[in-house]
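Consider the two complexes below, in which chain A is the common component and chain B and chain C are the respective partners.
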Partner chain A sequence: MNYYVMKNNQRINLLDIPTIEFNTLRAQLAATNLRPVSFFGSDWGQNVKLFVVLADDEKGELLVVSSLIDKNVKEYESITKDNHQYHMFEREFYEQFNIKPLGHPWLKPVRKNQDDYEFFEMEGEETHQVAVGPIHAGVIEPGHFRFMCQGEKVYNLEIMLGYQHRGVEDLMVKKPSNQLAESICGDSVIAYNMAYSQVMEELSGMEITNKAKLIRRVALEMERTAIHIGDLGAILGDIAYQMGKEVFGVTRTLVINTMLEISGSRFGRGLITVGGVNFDIDKDLSKKIVDVLNNVKNTVEKMTRATLKSSTVMSRLEKTGVVSNEIANELNLVGMIGRSCGINLDSRFDFCDEFYKDFERKSFNATNDAYSRFRIRYKEIIESISFVKKLLKKLEGYEKEDLCVPVKNFIPNSFALSVVESWRGELVHVATTDGEGKLSRYKIKDPSFNNWYGLSMAVRNNGISDFPLCNKGFDLSYCGFDL
Partner chain B sequence: MFDTLKMKLHQKKQYIPDIKNAPMRTQFRGLPVLNNSVCDKCGACQGVCPTGALNINPLSIDLSKCTLCGACKNICKNSAINFSSYYKLGADKKEKLIVTEEITEEIYHKRAIEVRKEIYSIFNRSIKFRQVSAGGCNGCEMELNAAGNANFDMGRFGIDFVASPRHADGIVITGPISKNMAYALEDCYKSLPEPRIVILCGACALSGGVFQEASEINREFLDKYKVDLYIPGCPVHPLTFINAVLDFIRKK
Partner chain C sequence: MDNNLMLTLFNILILLLAPFFVIGIIKKTKAFWSGRKGVSIFQPLFDTIRLFKKDRTISTTTSWVFNFAPAVVFVTTLLAGLFVPMINCYSIINVAGAFIIFSYILGLGKFFALISAMDTGSSFEGMGASREASFTTIVEPAFFIILASLVALSGNYTFASLADVIKSNGTFGILIVILAVVSLFVMLLTECSRVPVDDPTTHLELTMIHEVMILDNSGIDLALITWANGIKMVILMALIANLIIPLGIGFGLSVGLFLLTLVLLAVIIGTLESGIARLRMSHVFEFVFVMSSFALVVASLAAVKMYGI
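Moving on, here comes the complex of A and B:
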């Protein structure tokens, strides 16, 4: 097997990546059971260079390989035929480079505007379609859903996205900035900015201080805590358990207001910059964060206990929107949703760094349903709060270090990759530079890119009235997917 | 059930009683405070500004572009740029969003939003909005949702987001308006009953923000239709949003 083996947050020379013949690559990908984390094309003169990054989660390694495809060749034999995990990647590649994967089972546009599109259709008595969107009833992002129903029961959900497409990847090459990285997906500000900054630092060979690394990780865990608490409230809002909705809602406010005290923004905007962080967490602030989080933990525990005692809540959550472990594996669901379906992936621990390696990775008893998605959030809130406390304790030892190191120029012909566990799951940023040391390609893969199809599977054979509950349980990103 | 009721006792009162004078944490980056006399026109701030919101001669910040990221403050050697925690940033004209040295909190607030008689007479007790996210990053959307939670509770002022444009008095737009959303946005606008109030929320909606140069943006909608209220921020703080709408529909 011909790969270049690298670690997370590492820069490698672009020319070291083996370039193999496409059919060899295809056979190589078919023969392995490692999952793809990135799959993208890049303009290469007369050719398109296809990069594939696989993850070996057990060893904590990333395997990179590439292949050249002539631009005049308009088609190739699809990889998805052998391994369904590539289905979205190949659709995206087709849309961006117009090279058709032959035999792809469901080759549709990913982000292109589609007035007329294909969908699974069903005929018979009492069958009907429900079309929703792109503008939804709530204050959320746009997307289009088409339900194929018989009576109340959903047989298929066709998800159409792309309404949020702003051309982020091109803009990242043209005019990269921390502020742009933060605005790609505004609910994962810290994760996106952290991944972007790490890629930029690797590309230019910068080594940031431990203090900055710790503050970034504190913020990342606080973001996870805040959003998960908000989601618990939103899930309960969708099943009309008003007390839970409001209590979790105001508890989230406590966490994000603490974030405001650190960085001046409720979502942590402006905190992370290439080279380090902009704001310090001193002893007083550190103590305050711990106090707030203790209080938050107490409220979350109490409210969750009260919620799960309620039989009306349990009857809605249990056995709703089940995604079996087999399907989850086949679709390569990642992150929190993957874990709620029994896939034990967590890039914080799989690609472990010096800070997370001391933390205990607790197992989770997945039940694959909406109840599982509720419990995984609760578990991760409690865990994240304890991580923040431990990280803050470690931070005391690095008080004298600088927040920021000077920015350097990019090293030519580099390939850098960063995987960050955002609250949704594995977020992958990849960047390459050309021979003159300029950015030549920037690729982002949001965890939602893997997980949207999982939602489609979750609502099958459920009542259409359970869709909001399933949707909120997944809580996927539209803009992270659309870019 | 008793556990649920106990939670109510445990939570006590959570709402902010006086929303117009609600205290804001000092770390919040709100209205810029500029000092032109110490500015040596080095242009470093313009170099780091991601949206081109700064002008150095004389020193001014255009809040329609500013993401309040604070990068200019961090790079300025002479501390010519600062941000106060003043959060009532909404304005009814784009020109009013340009902050210069002379603009203090009082001056800004006094001139920012003029009460229009017809708006006041019809909407002073209640106004309903349809929200359309047209390429918004979910930051402003989350903050608009938060404006309705138990802390900020804008519902008590009769301000609400409704599920259909047919039930709404106005439209709140977030995001830089992507090409793929341009049609749906206009369709939604046309479904509103007259007088069709338009509110832009967040730096992206106001000017394109960090996405000004993005290839898949289509902002023709704003050339065609009149905007009633501009609310800057990245994202817009719930207090900024509620206060701007209150100033818009009620007398000060």
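Moving on, here comes the complex of A and C:
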């Protein structure tokens, strides 16, 4: 097997990455059981260079390999045929470079050309189509959902996205900035900005202070806490359980208001910058954060206990929207949703750094349904709160350090990669520089990219009125997918 | 002033105005339970006035049905309300067999609401209409059984005999009234789309029942439909009130007790909605069947009372 083995948050020389013949690569990918975390093309003169990054989660290693495909050859043999985990990646690659994967079973548009989208259709008595969106009744992002139903039962759901495609990857190459990075997906500001900043720092060989690293991780865990609490409320709101909706809603505000005290923005905008962080957390603030989080933890525990005692809530959550472990594996579901289906992936621990390594990785008893998606959030809220407290304790030891180090120029011919566990899951940013030290490609993979198809699977054979509950449980990003 | 004229005026006032305050009180109760201040109880009234000032937007795919239906829904509901007794068992139109006319007038309104929803050609609205229709098929027979048993007990087939049930049947009557009230309350939750059957506050098109049927209505149409829905709630509450408020306690006390019952029912609905989640669509049927089973018990008790064992 021919790979270049690297760690998370590491820069390697672009020219060190082995470039192999496509058919060899194809055979290699079909044979391995390592999952892809990134799969993208880059302009390479007459050719397109295809980069594939695989994750060895047990060893905590990332394996990089590349292959050249001639631009004049408009097709290649699909990898998805043998390994369904490449299904979305190949569709995206086809859309970006117009090189067709032959034999791809579901070659549909990803973000562009929605007019050409051919929906899967069923015919027969009592079967009917329900088209929802892209404009929805509530304040949610645009996306089109096409249900094939028989009566109230859903047979198939197709999700067509791309309404918010802004060309973020190209913008990143032209004019990279923290402001752009944190605007890609408004509910994962910290995760996106952290991944971006880490990639930029690697590309220029900067070493930031431990203090900055700790503050970033505190913010990341607080973001996770806040969004998860909000989601618990939203899940309960969808099933009209008002008590839970209101209590969790109020509690989330406490967390984001604390974020406001740290960085001046409730979602942590402007906190992280290339080279470090912009705002310090001093002793007083640190104590305040701990107090708020203790209070939050108390409320969340009480409310969760009350919620899960309610028979009406349990009857809605249990056995709704089940995604079996086999399907979850086949689709390569990641992050919190993957964990709720029994896939134990968590890039905080899989690609462990010096701060997370002493934290305990607790197991989760997955039941694969909406109930599981509720409990995983609860579990992660409690864990994140304890992580924040431990991180703040560690921060005391680095009081004297600087917040920020000076920015350097990019090193030519570099390939840098950063995997950050956002609250949704594995967020991957990859960047390469050319021979002159300019950015030549920026690739983002949001966890939603893997997980949207999981939602389609979850609603199969469920009532169509349970779709919102499943959707909320997954709570995937539209703009993170559309880029 | 003539006594009957006063009662007639009172009935009409209740029918037209109480809906806003009942909805307002429900909202206030929910706000209370969630620790919010909530909107004023006049807000539903203001909303309706605001909607009356607005233009109608009518989709090009609709026919005359869609245009016509909101008026039919409003008029039929109001008309049905004229048969319902409020104070001292006085109803504006009092005829034998009124409950049959009453149900079918309401049924006509519902029919127009359903076909108007289908008329828009939207896939959600068809779905909502289908849900609404299927729940009605369960609610309607149960409602007939209950009302038929209650009026049969008194021997005179008018709504006015509702208050007689307790008085003339003693403890037996109390038992029957309790069961009838519970089952009318279930009907109220179903027909007026409250939790746990429907969620009036949701924005999720796919889970709605009543709300989804009126997605395309706007302005005055929307105002009429929501008003009619409120009137329907008041009508059902009035039936419950008539079952439990005794006759011959004087005008002032009757009015007081009647209004108190409306307020209490609204508070109960608000509290219920704050504390429980909505049922899964497939389980709603089981919930609505509670009404049917209670109705059958009421019928058997009435039969036992009337014919002995």
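Here is the rule we use: the second predicted complex is superposed on the first by the 481 of 483 C-alpha atoms of A that agree within 3 Å, B and C clash if a C-alpha of one lies under 4 Å from a C-alpha of the other, contacts with A are read in each partner's own complex, and residues count from 1 in each chain.
In this text, contacts are C-beta pairs under 8 Å (C-beta built on N, C-alpha and C of every residue); 3 or more make two chains touch, one makes a residue touch a chain.
Every value quoted in this text rests on a predicted model; they were computed, and no experiment measured them.
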Review point. In the superposed arrangement, does A:Leu102 touch chain B (first), chain C (second), both or neither?
Key: neither
Practice item. Please indicate which partner A:Ile239 is in contact with in the superposed arrangement: first for chain B, second for chain C, both, or neither. Key: second
Point to revise | Touched partner set for A:Ser265, first chain B, second chain C, both or neither | key: first
Review point. So, A:Ala131: does it touch chain B (first), chain C (second), both, or neither?
Key: second
Practice item. Would you sort A:Val250 into first (chain B), second (chain C), both or neither based on which partner it touches? Key: both
Check your understanding: When the two structures are overlaid on chain A, which partner does A:Met1 contact: first (chain B), second (chain C), both, or neither?
Key -> neither
Review point. Which partner does A:Ala306 contact after superposing on A: first (chain B), second (chain C), both, neither?
Key: first
Review point. Does the superposition put A:Asp187 against chain B (first), chain C (second), both, or neither?
Key: first
Exercise for review: Look at the residues of chain A and decide whether chain B or chain C touches more of them.
Suggested key: B
Practice item. Pick one for A:Pro468: touches chain B only (first), chain C only (second), both, or neither. Key: second
Exercise for review: Identify the overlap between the chain B-contacting and the chain C-contacting residues of chain A.
Suggested key: 137-138, 243, 246, 250, 310
Practice item. Provide the residue numbers of chain A that touch chain C in the complex, in ascending order. Key: 128-132, 136-138, 152, 236, 238-243, 245-246, 250, 310, 312-313, 315-316, 320, 463-468
Exercise for review: Give every residue of chain B touching chain A within the complex, in rising order.
Suggested key: 1, 3-4, 6-8, 10-11, 14, 25, 27-29, 50-51, 67-71, 74, 83, 130-146, 149-151, 161, 163-164, 175-176, 178-181, 184, 188, 204, 209-211, 213-217, 234-235, 237
Review point. Hey, which residues of chain C end up touching chain A in the complex?
Key: 30, 33-36, 123-124, 126-127, 195-196, 199, 201-207, 215, 273-283
Revision key, fill the gap. Note: in the complex, chain A contacts chain B through residues 111, 113, 134-135, 137-142, 162-168, 170-171, 174-175, 177-180, 183-187, 189, 230, 243, 246-247, 249-250, 253, 257, 260-267, 269-270, 273, 278, 299, 302-303, 305-306, 309-310, 477-479, 482
